[in-house]
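Structure first, commentary second.
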Amino acid sequence: MAVLKWLRTLGITLPIVLAAFSARGADTVKLGLIEPFSGPIAAVGRDTLEIFEFFAHEVNQRGGVLGGRHIEIVPLDNAMNAEKTTQQLRKVIDDDIRFVSQGVGSNHALNIIKFLTRHNRRNPDQAILYLNHSAVTTSFTNELCSFWHFRFDANVDMKVAALVTQIGRDPSARKLYMLNQNYAYGQAFQAAAQRLLAERAPDAELVGDELIVPFGKVLDFTPYIAKIKASGADTVLTGNWGPDLVRFVKAAAEANLNVAFYTIYAGIPSSVAGIGAKDGIATRLKQVTEMHENDPLYDQQPADLLDTYERWRQQTGKSVYSERMRWTIEYFAAALDKAGSDDPALVAAAMEGMAMEGPAGPMAMRAADHQIIFPMVISTMTEDAGRPFIYDGEDYGVAFATDGWIMSDAIELPTTCEMKRP
Amino acid sequence: MSSALTLAGLRKSFGAAEIIRGVDLAVEDGERHAIIGPNGAGKSTLYNLISGRFPPSAGRIHLYDTDITGKKAFDINRLGLTRSFQVTNIFARLSVLDNVRCGCLYALGHRYAWWKLVGRLQDVNEQTASILRDIGLWEKRELPAGLLSYADQRALELGIAIAGGANVILLDEPTAGMSHSEVEQAVSLIRRISEGKTLVIVEHDMGVVFDLADRISVLVYGEIIATGTPGEIRASTAVQEAYLGTGAS
Amino acid sequence: MESIIFAMFNGVLYGMLLFLLASGLTLIFSMMGVLNFAHASFFMLGAYFAYQISEGLNFWAALFVAPVIVGLVGAGVERWGLRPVHRYGHVAELLFTFGVAYVIEELVQMIWGRVPVPYEIPELMSGALFTWQGFDYSIYRVFMLVVSVVIFVALFALLTYTRIGLIIRAAVSDPVHVATLGHDIPRIFMWTFGFGCALAGVAGVVGGNVLGTEPAMAIQLGPIVFVVIVIGGLGSLGGALVAALIIGVVTRLAIFYDYGLGSLFLSLGLEIDTAGLLRDFTRITTAQVAPVLPYLMLVLMLIFKPRGLFGTRDV
Amino acid sequence: MSTLLGRLTPWIAGAAALIALPHVFTSGFALTLMSQIGLLIVFALAYNMLLGQGGMLSFGHAVYFGLAGYFTIHYLNFIYEEQVPYIPVTLIPLLGGLVGLFFGILIGYVSTRRAGTTFAMISLGFGEMVTALTLVLVAIFNGEDGIQTDRVLGEELFGITYGPNIEVYYLIAGWCLVCTLAMFLLTRTPFGRISNAVRDNPERVEFIGYSSQRIRWLAFSLSSFFAGIAGALHAVNIEHVGFEQVSVIQSGLVLFMVYIGGAATFVGPIIGATLLYFLQSTLTGVTEAWVLYLGVLFVGVIMFFPGGLAGLISMHQPIWRARARLLAPLLVPYSRFLAALIVCVLGCIGLIEMLYFRSSRLSTETELVIYGVESDPFSAGPWLIFAAAAGLGAFAIRKTYPGAVSAWNTAIADARARPLG
């Protein structure tokens, strides 16, 4: 069966690649993608690369940018190692690539921001622009904000705002238990939730607030489950990801803990695959995303976009789970055209304030801090809600169903950014 | 007369088994003292107690006037007692030269120095060279010690032990496994190096023992049954019965 | 009071899983003097094989077949990998198994991909067996406990009362002598290693679905298992059991009695600047450092009792 | 005089090479690569003071490398905030070394009480503990994000600012040379020799007046000192330090470098660090299976060439020294064996690449090019070819290996038979 699948995808993709090869010779606009393509979390980096290449190809098929030039994605492996990120940035300079994108690991994002700030100050003629597709540390668009950085994902505070707003709407969420990873990201999640809960979910009482050692160091979550049980909580709010989320949810399901899980990252492939359908559904696992395939709004998207999605599913055997990476490419292409040049400074200027139609209404790249603002949706893992979650051709027998949308005004938070423009 | 090494009421048990059962012995300064006894009599254990490999269960050990009971091996060595091993115990990957050199570094006061180069230490170089010539390994000084022949390794074992110039030397079967001619060479070597020092030697080859020793102690089942000059030991009926008798007949 | 017992019971459940993992490692170490760094990798192989088999057949088939396959793989690694390295000493053997751990992790990724596989608890046993303090204990939890206890008893009996156990114990203390009695020591070592790996495989089968089956599970679990056997005393099966239970219970209690280090410093009269670089020390609670506690215990143990709880020999 | 010149030749040549390299490889990527290799050489040599010279296998030596890095970054930031006395960046590595030394003395006291396997386990325990602490103590280590700095403190001697990477390269090259020389000289001190003796036979050392524990502790501390210098250089070069730098993965990498390069010789770690980091930086972009190849190479070295690459070279040194012509008869059997090895390896690589392609290929990648030829992993042809190559190669290895070994045996016996001279 598997072989058949491969053959099928091969048949579909071969013409695309041939087309891509014929375009290679032409003058392209290069976008360096610095992600882990080797090492323990290579899967995430490689998935990102696939999405970028797919949607860059879509843009190129439509006629490219700047009057026919193609966008070329240049993968640069950082092996999830900070020094490799720096090394790849120097390669980017060597090869005269003027645009980079990255999103996996906020430590690398921070490195890129700091590196480019120094580099662009010292070499204004060779400035490089950074498109951040997934690194969520809030300070990147607050005190650390930079003219050369644009974020196409909501930051932690915004995601927490969305989750907390939904908790405020949820009449069954009365007693809330927070559990987060004890490092910069988890602490930011915790702080934002503590700040926003009183205001947005006044009826929910915080009955527990816990930090754990991150990155798979906690092997057995049963003592935490026991504490949650003892606290009488009906809702869990967690920013955990990776094994820290998978083991947490599995332990809760095994103990028949009757609570709903509000999370950020429940819907990414490694979470769905690791948690599995049964445990995910039992814990009413919720995620906050920019879109999902079973939302009523999905079918109301423009026909050509739906076509593209369908092609994506056919070609890759994967669900559509990160819209924001598509936007990153779309924004990039639109800004290039608007600037009429591939000069990073002009492209950055063009991107500021740029509006685009999102899945649930307009979204905009806020000029003040280069943070994109868009509506977000909370959805719950269910057994059957139309399009099942697929990854690598495997049907995981689950889907996400919408709980509610949080519109831009509820997500947009003030920024402390004092943008220095060149 | 002062004793170089004094053992008083020494005992050692491993679990329920008592291997050394109350040994009293005084080795005079400057004498060559042999300890003989059948296999399993506890000779090696006795050496291990004296040299600090294990602490004794009871009793005291004195090196001259210093109580060394229960001291660490390196402390005892620093006080001037050295030993060789029955099973060759050298630094296999170091060169022959370095083996001997390591043996004399501490005694010559270079201790743990990490700011001096060994090649520049005149005193060490001289002493190493003289010992290498003594033990007949000067020609082979650059070979890794692990590649030496068995007899050469035995000689090197001896060289390491005496390199520090310790006053009291304990040798554990230095001629074990050697051919007849090798034994002769070894004996003359031992005679030379123990000149002016105190030597205690455990040996199975009775020729060697009677040739070398000023006095002999007989260890049987963890107890010393007799001590005396070679002549006295030869004449002792107790020794004859317990040990030599079986060997002689 | 009941909550303490409750926390301790949870600790025992977790500790027994740790023991299950450590038992094979201890067995291999006590027989061969080899510390198998790849042990957690064989655990991971057990989980992956179990996943594959339960996809095709069912969990019960996996429970019996997967460990056998892991054991055969382990025996193969010993025969064609470890045995030639034996002559270079224990450190080289340790290095070899370290390399094997790398290779196994990569092979697993090559075969099963880099994302977790959905290996789940069998439907039959996911129901609750009993409820205590409002906490449901699934049948599976108890099943894990039973498997661990059975393995411990069986191992103990095997080593103490059987002829094979006698030969194995003799082989440890005097391999030359046993060899002259006509026993094939390399062969015994090979099967010992295979058997130890099979035990890790059993742990993988019963633990993989609870912990999550993914390529990083070996590297996450490996160090803690070493802590168990070092604290217990290298080569002591009973020590491994006690250490595993202690670690299980202590980490549980640390989470349960969430005690802040800040208050400890205050009671010692130490004042820490709450804005300076050391501010985290006032904020940390024992629950947050629970996973680090075993390593702390390891260090303390090595300072005060370097041979471990029940260790009888040096390495 | 001529012998002194002879001894200095490799050092002068090394220095000349370090000066010349950035003029040969001018790209920023190459400069970063060479800078990293330079500091990794220091780290690898420091690690080899434990493994190769002292017989201590550590799984946690990155702790001293990383902690020195954290300290360096903090110190640079404090200089900006004028909270600490100014130290020129040129001398900052020394500060890192002292930090490494401090923790080396502290942690070394506990861990060097044991040798062998127990020591290895303790080092692993400390490694895990410190890695976990970097995530917990956010104020000091800033968790996953790590901490950053700007290495440009202002003008130093000769107007150097360390803004341009070339200046940092020369900083690293200079320190690398100094540290290498220092560590080389250390092997020739009483401490160095006794350290070797402890490696070979820790028990015997006790009977020539030395405490083997004390020697291990000293070796551990000094090694941590140099690891700290390397960590500080890393911090200056990358201007960032994160938990990866203290983690067991970093410790494992340096172990691989040292062992594959050859722990028994002084130059082994230099070869290992250069080769492995170069391969790692270039191969990761080419093949996904890089880590697998690294693991297999490591296992292969342990099983067949425990002396590592440098060991392979140095086992021919006695022959070379005795008479260079004795090497001639080795040529044919060696090339036979090498050819067989290459065929087998190429076959295996082909198989592995196809397996990887089938298991984790992206839909946007549709063809697999191996050795410049498009190989379709979904048809039998390439599988048969590569399997045949691997099989035939393995068979040929079995056939040619004894020949190579016996040729060496003959040559070495001839060489040893000649008198010293």
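Per-chain numbering from 1; labels A, B, C and D assigned in written order.
Note that a residue touches a chain if its C-beta (ideal position, glycine included) is under 8 Å from a C-beta of that chain, and two chains touch if they have at least 3 such contacts.
Nothing here was measured: the structure is a model prediction, and the numbers come from that model.
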| item | value |
| --- | --- |
| Where subunit B and subunit D overlap in contact partners, by chain label | none |
| Chain whose Cα centroid lies nearest the overall Cα centroid | D |
| Averaged-CA centre spacing for the pair subunit D and subunit A, given as whole angstrom | 37 |
| CA centroid of subunit A to CA centroid of subunit B, Å | 74 |
| Rounded Å distance, subunit C centre to subunit D centre (Cα mean) | 31 |
| Shared interface positions of subunit A, touching two or more other chains | 42-43, 46, 182, 213, 217 |
| Multi-chain contact residues (two or more partners), subunit C | 113-114, 219, 288-289, 291-292 |
| Subunit D residues counted as touching two or more neighbouring chains | 132, 136, 138, 291, 360 |
| Touching chain combinations (by label order) | A-C, A-D, B-D, C-D |
| Subunit D contact footprint on subunit A (complex, rising order) | 3, 6-7, 9-10, 13-14, 16-17, 37-39, 42-43, 46, 49-50, 53-54, 57, 75-77, 79-84, 86-87, 90-91, 93-94, 105-107, 110-111, 114-115, 118, 122, 137, 182-185, 187, 213-215, 217, 315-317 |
| Of subunit D, residues touching subunit C in the complex | 55, 57, 59, 74, 110-111, 113-118, 120-122, 124-126, 128-129, 132-133, 136-140, 248, 252, 255, 259, 289, 291-292, 294-296, 298-299, 302-303, 306, 352, 355-356, 359-360 |
| Subunit C partner contacts - residues on subunit A that touch it in the complex | 40-43, 46, 182, 210-213, 216-220, 222-227, 229-230, 243, 246-247, 250-251, 254-257, 269-270, 273-274, 276-279, 391-392, 396 |
| Of all residues in subunit B, those that touch subunit D in their complex | 51-53, 72-74, 77-78, 82-83, 85, 89-94, 98-99, 101-103, 105-107, 110-119, 121, 139, 142, 160-161, 163-164 |
| Of all residues in subunit C, those that touch subunit A in their complex | 3, 6-7, 10, 13-14, 17, 113-118, 120-121, 126, 128, 133-138, 140-141, 210-212, 214-217, 219-221, 224, 251-252, 255-256, 287-292 |
